[in-house]
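In the two complexes that follow, chain A is the common piece, with chain B as its partner first and chain C second.
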Partner chain A sequence: MNQFLFGFLLLVFLALPPVANLLESIMIVHMHMQMPLLVIAGFLMAYYFQKKYPAFFEKWNQRGYPGILLFSIIMIYWMLPRAMDDALTSQTVEIFKYISLPFLAGVPLRDSWAKLTSFLKNIVIISFTIMFIMMGLLYIAWPEQLCNNYLMIEQITLGWGFITMAACMVIYLVYNVLIDPMQYEGLAE
Partner chain B sequence: MIKKQHTAIACFIVIVFGLVLLYTGTDGFTAYTAETARVNQLVNEQPEFPDVTFTDSQERTYSIAEFEDKYIFITFIYTSCGDECPLLEMNMGMVYDQIPENYLGEDIIFLSISFDPERDDPETLDVYKDMFHADGETWRMATITEQSELDALLEEFGVIVIPDGKGKFAHNSAFYLVDRQGHLKDIMDFTDVDSATQRVMTLLEAKEGE
Partner chain C sequence: METARNISFTEKANKVLGISPKDAIISKSYLLVAFAALLIGGVLGLLQGLNRAGLFNLPTWFNYYQVLTAHGLLLVLVLTAFFTIGYFYAVLSHNLGGLLPKVRKMAWIGFGMKIFGFVLAVIPILLNQATVMYTFYPPMAASPIFYIGLVFIVLGVWMCAFGCFTQVANWRKNNKGQHVPILSYFATGVFVLLFFGSIPVAIEVFMIIPWALGWVETINVLVARTLFWAFGHTLVNIWYLTAVSAWYVVVPKLIGGRRFSDMLTRVVIIMLVVLNIPGGFHHQIIDPGIAESVKFLHVFMSLAIGFPSLMTAYAMFSVFEKTARKKGGKGVFSWFNKLPWGDVRFLAPMIAMIAFIPGGAGGIVQSTNQLNQVVHNTMWVVGHFHLTVGTTVVLTFFGISYWLVPFLSKRVLTPAINKLGVIQTIIWTTGMIFMAGAMHWVGLLGSPRRTSYTTYFDNATALSWDPYLFFLAIGGTLLMVGIILQVYAVVYLMFFAPKGETEFPIAEVENHATKTPYWTEKWGRIIVIMLLLIAMAYVIPLVEMIINAPPGSPPFQTW
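Right, the complex of A and B next:
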C-alpha cells in the first residue's frame, strides 16, 4: 500500500503544472527524466493492482509477453520526436502521456519483468540498447530541428543522452555475462 | 491451452492498439515530426493571410491588399541571422531568377518578411535587400511593426520562432506561397529550388490557359 501511495504521490507531483513546465522546458529532461519518472510512478503503483486483481494479471499476462509488448510500444511511441512536440501543444496528448506512461508502461513492466525468463529479459534489454543507439545517432546527426519546441543544441544533447543510456545498458549486459553472483554468495556463507 | 489463447489474444489486442496509436500519432505514418504534420495540416486548411500592416525597405506601409490578385512567394527571416536565413534568401533568389520577367510584379510578388521588427528597420532591410539583389518592388523586404499583428501571422502560418536570448532566433524555414485570393496555397522545401520553381510556374501558367 505504501508503494502505491509513493507512486501516486510521484504522479501527482509530476502533474503539478509548475513541475511539468519546468521538466518539459528542457528536452533531455522531458524525455529522460520526466518520462522515466512517470514509468516509475506506475511501477510503484503496480503492486497495488497486482494484489487487487491477481486473477486479471494471471489470466492475461501469464508469461509476461503481452505486458512487455505493451510497455515497448508505449516507449517507442514516446521516442517519436512528434510525440514530444504534441505533448507540449496538445492537451489531449499531454493527458495521454500522464496515463500511458504510468499505467500502460509502468504497470505492465513490473508485472511482466518478474515473469520473463532471464533470456527474454536480455533480449528486451538488447533491443532497447539497439533502439537507443539508433535514436541517439538520429538525434545527434539529423541536420534539421526535429522538434519545433526545442533548439538544435538540445536535440544533440538528447542524442548523447540516448547514447549514454545505451552505454549503461551495455555495461549491465557485460556485467551480467562476466560476473557470477553465486561466487559472492558463496563467499558470504 | 486456454491460457495460451489468452496470451495470444492479449498480444493481439496490444499489437492492434499499438498500431492504432502509432498510426494516429503519425497521421497514418506520414508525419514523424511535428514540422511535417504542421505543413500537411496547413496546406490542407489553407488559412487566409491575416490583416497586417507591412513596413518595407522603402518605408512604405501597406496591407496584404497591396498584392491583390497576385501570388505571393514568402519567406520569414531576420537580418541578423547568421546561417539559415542567408541560405533561405539565396535560394529564394534562385527561384526568383528562374521566373520569366513578364510574370514578376504582375502575377507574382516575392516578399521576405522579417519577424524581428525591433532591429530590422527600413534602412537595415534596404541594405539586406541589396545583398540578395532584390529590387524592392517585385521582390520586397518588409517587416510588421505591430507585434500583435506579427504574432497573429506567425501563428496562422505556423511559423515557430524561438529567441535564444542572445539576439538569435531558432525558427523553421520554408517557402510559403499565398494564392491570388490571399490564402496559403503551399509550403515548400526551401532547399529544393527546382521543385519550388516548377510548382510556381505550373500555377502561373495555369492562369494563362484560362
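Right, the complex of A and C next:
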C-alpha cells in the first residue's frame, strides 16, 4: 500500500502545473526525466493492482509477453519527436501522456518483468539499446529541428542523452555476459 | 573445496602470524612515500605561509607560485594517494587472506608508474616551467612533460584499482554468497571512485598535451575545467571516504565498542560512490557559460552528499554514547569523559571528526551560489580545505598511522610515542585553529588566495589583512612542528620501536544486528546507476559547451 501511495504522490507531484512546466521546458528533461518518472510512478502503483486484481493479470499477462509488448509500444510512441510536440500543444495528448506512461507502461512493466526469462529480459534491453543508439544518432545528426517546441541545441543534447544511456545499457549487458553471478553468489543465495 | 580450505587456512595464518612480509613491504613503501611527501610539502607550506605574511622573501629562482604548485601537488596528490593505497592494500591483505602474487605485482607496477610520473611532473616545476598551480587547468599551460608525468600517475592509480578489484573478485569466488569484509568493501568503493573519477582528468590531460606541445592552437577552457572538477571533486570525497572507513570500523574497536549497523555503513559507501561525480560544478559556480539551472542541479547533488555525512555523524556519536554508557558514563555530556582521550589512535580521528562539523558547514557555504560569490577565490577557500583535508582527513590518517605502521613492521606503539602522538595532535589542532581560522576570516575580508605577498601600494584594506596573515604564519609554524613530530613517530614505529604484535583493529557488529541484504554486493548495478547519474549531470552542460564553444584559448604562461 505504501508503494501505491508513493507512486500516486509522485504522479500527482509530476502533474502539478509548475513542475510539469519546468520539466517540459527542457527537451532532454522532458523525455529522459519526466517520462521515466511517470513510468516509475506506475511501476510503484502496480503492486496494488497486482494484489487487487490477480486474476486479471493472470488471464491477460500470463507469461509477461503482452505486458512487455504494451510497454514497448507506449515507450516507442513517446520517443517520437511528434509525440512531444503534441503533448505540449494539445491538452488531450498531455492527459494521455499522464495516463499512458504510468498505467500502460509502468504497470505492465512491473507485472511482466518478474515473469520474463532472463533471455527475454536481455532481448528487451538489447532492443532498447539499439533503439536508443538509433534515436541518439537521429537527434544528433538531423540538420533541422525535429520538434517545433525545442531548439536545435536541445535536440543535440537529447541525442547525446540517448547515446549515454545506451552506453550504460551496453556496459550492463557486457557485465551480464562476462560476470557469472553463480561464481560469486552460489552457496548462500 | 580444496581452494576453499586453502583460503581459510591462509586467512587463519594471516590472523595468527600477522601480515606477510611481502605484503607489508608494499604498504610500508607507500606509507614512507606519503610521509616523505608530508615532510617536504610541509616545509614548502611553511615557506609559503611566511612569505604570505610578509615575513620572508622567496628567491626569484624558487618563487611563491612554484612553491604553491609543489606544496599542493605533494600534499593533495602524493600524500593522500599514497596513504590511501598503502592503507587499503594493508586492509585487503589482512581482510582477504593475503594479497595474490599478481595483485602484489600490480601494486608494485602502480607504485613505479606513480613515482616515475611524479618525478616527471616535479622536474618542470623545479625549472619554473610548470607553475600552473596544482589545479593545472588551461589557459595556463605547463611544459608537456608535466602533463605526461600526470598521465603516469593516473595509470599507476588505475593499476592499483584493478589490483583491488582482482583481489576482491578472487575472494568472492572463494567465499560464495558472503559479504566482502567491511573494510575491503570500503576499499572497493574508494577504488571504484578513483578509477571512474580519474577518467575525466585523463581525458582533460589528453586534450592538454597536444595543445601544450603546440600541435593544436587552442583549447576549450570550460570543457577542460569541467573535466578537471569532475575529478577534483571526486578526489576530495575519496580522501573523505578513506577517513570514514576508519571512523566506522576502527574507532569503535579502539574505544572498546561495537560498530554501527553494517547495512547503514554499506549504504553510506554506496551513496558516496553514486552521488559523487555528478556534483563537480560547485567548484565552478562563478564560471560563465554554464546555465544557472545546471549549476543548481550540481549543487543539489553536492548537497546530497551531506546526507550520508549526517548519517555518519549520527552513527558515530551513537557508537560513542553507547560505548561510554556501557563503561558507566552518565549525564547528558559527562559520558564523554569515559572515552579514551589519552589514546592518540582515538584522539586524532575524534578531533578530525569534530573538525568536519565546521568544515562541512563551510563546504555548504561554498556550494551556495550567493555565499560563494562572497568567498570565491579568497583565502576562505584555502582555510576550508585546510580544515577538511588538512585536519579531518589528515588527522585521521595520522591516527591510523599509530596502529597501522607498527602492525606492518611487527612492532608496538610505546607509551612514549603515544604521548608524543597526543602532543602532536594538540599542536596540529592548535596550529590549524590559528591558520585555517585566520584564512577563513581574512578571506571574508577579501584577501585573495594564490597571491604572493603584496600590500597593493599600501592600500589600507590590504594592510588591514596583515594581522590575520601573521596568525596564519604562526599556525603554519606550529603545523611544521607537528609534521616533524609525526614523521619522527612514523619512522620510529616503522624501524626502531620494540618488536611485538600489534592488532589490526576491526570492530564487530552488534549481536542483534539486522542482516545486510545481498544487493549491496552487486557492484555492477551500482556502477551502472552511478554512470546514469553522471550522464544526467554532464550531458546537458558538455553538449552546450562543445556545440556553442567559443574560439578557444591559446596556451598562456603567466609567470
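The rule is simple: the second predicted complex is superposed on the first by the 185 of 189 C-alpha atoms of A that agree within 3 Å, B and C clash if a C-alpha of one lies under 4 Å from a C-alpha of the other, contacts with A are read in each partner's own complex, and residues count from 1 in each chain.
We adopt the following convention: a residue touches a chain if its C-beta (ideal position, glycine included) is under 8 Å from a C-beta of that chain, and two chains touch if they have at least 3 such contacts.
The structure displayed is predicted, hence computed values, not measured ones.
After superposition onto chain A, partners chain B and chain C are found to sit side by side with no clash. Geometry note, superposition on chain A: angle between chain B and chain C about the Cα centre of chain A is 110 degrees, to the nearest 10. Of the two partner chains, neither chain B nor chain C is touched by A:Leu9.
When the two structures are aligned on the shared chain, A:Ala114 is found in touch with neither chain B nor chain C. Contacts of A:Lys59 after superposition: chain B is touched, whereas chain C is not reached.
Once chain A of one complex is fitted onto chain A of the other, the partner contacts of A:Tyr77 are limited to chain B, with no touch recorded for chain C. Residue contacts after overlaying the shared chain place A:Cys168 against chain C, while chain B stays out of touching range. In the superposed model, A:Asp85 lies in contact with chain B only, and not with chain C.
Least inter-chain distance for chain B and chain C in the combined superposition, rounded to the nearest angstrom, is 12, based on C-alpha atoms. Interface residues of chain C facing chain A in the complex, by the touch rule stated above, are 169, 172-173, 176-178, 293, 518, 521, 524-525, 527-528, 531-532, 535-536, 539-540, 542-544, 547-548.
Of all residues in chain A, only 26, 28, 32-33, 153, 156-157, 160-161, 164-165, 167-168, 171-172, 175-176, 179, 183-189 touch chain C in the complex they form. Every residue of chain A that touches chain B in the complex is listed here, in rising order: 59-63, 65-66, 69-70, 73, 76-77, 80-83, 85-86, 89, 144-149, 151-152.
Within the complex, the chain B residues that touch chain A are 3, 6-7, 10-11, 13-15, 17-18, 21-22, 25-26, 31-38, 160, 162, 164, 170, 172.
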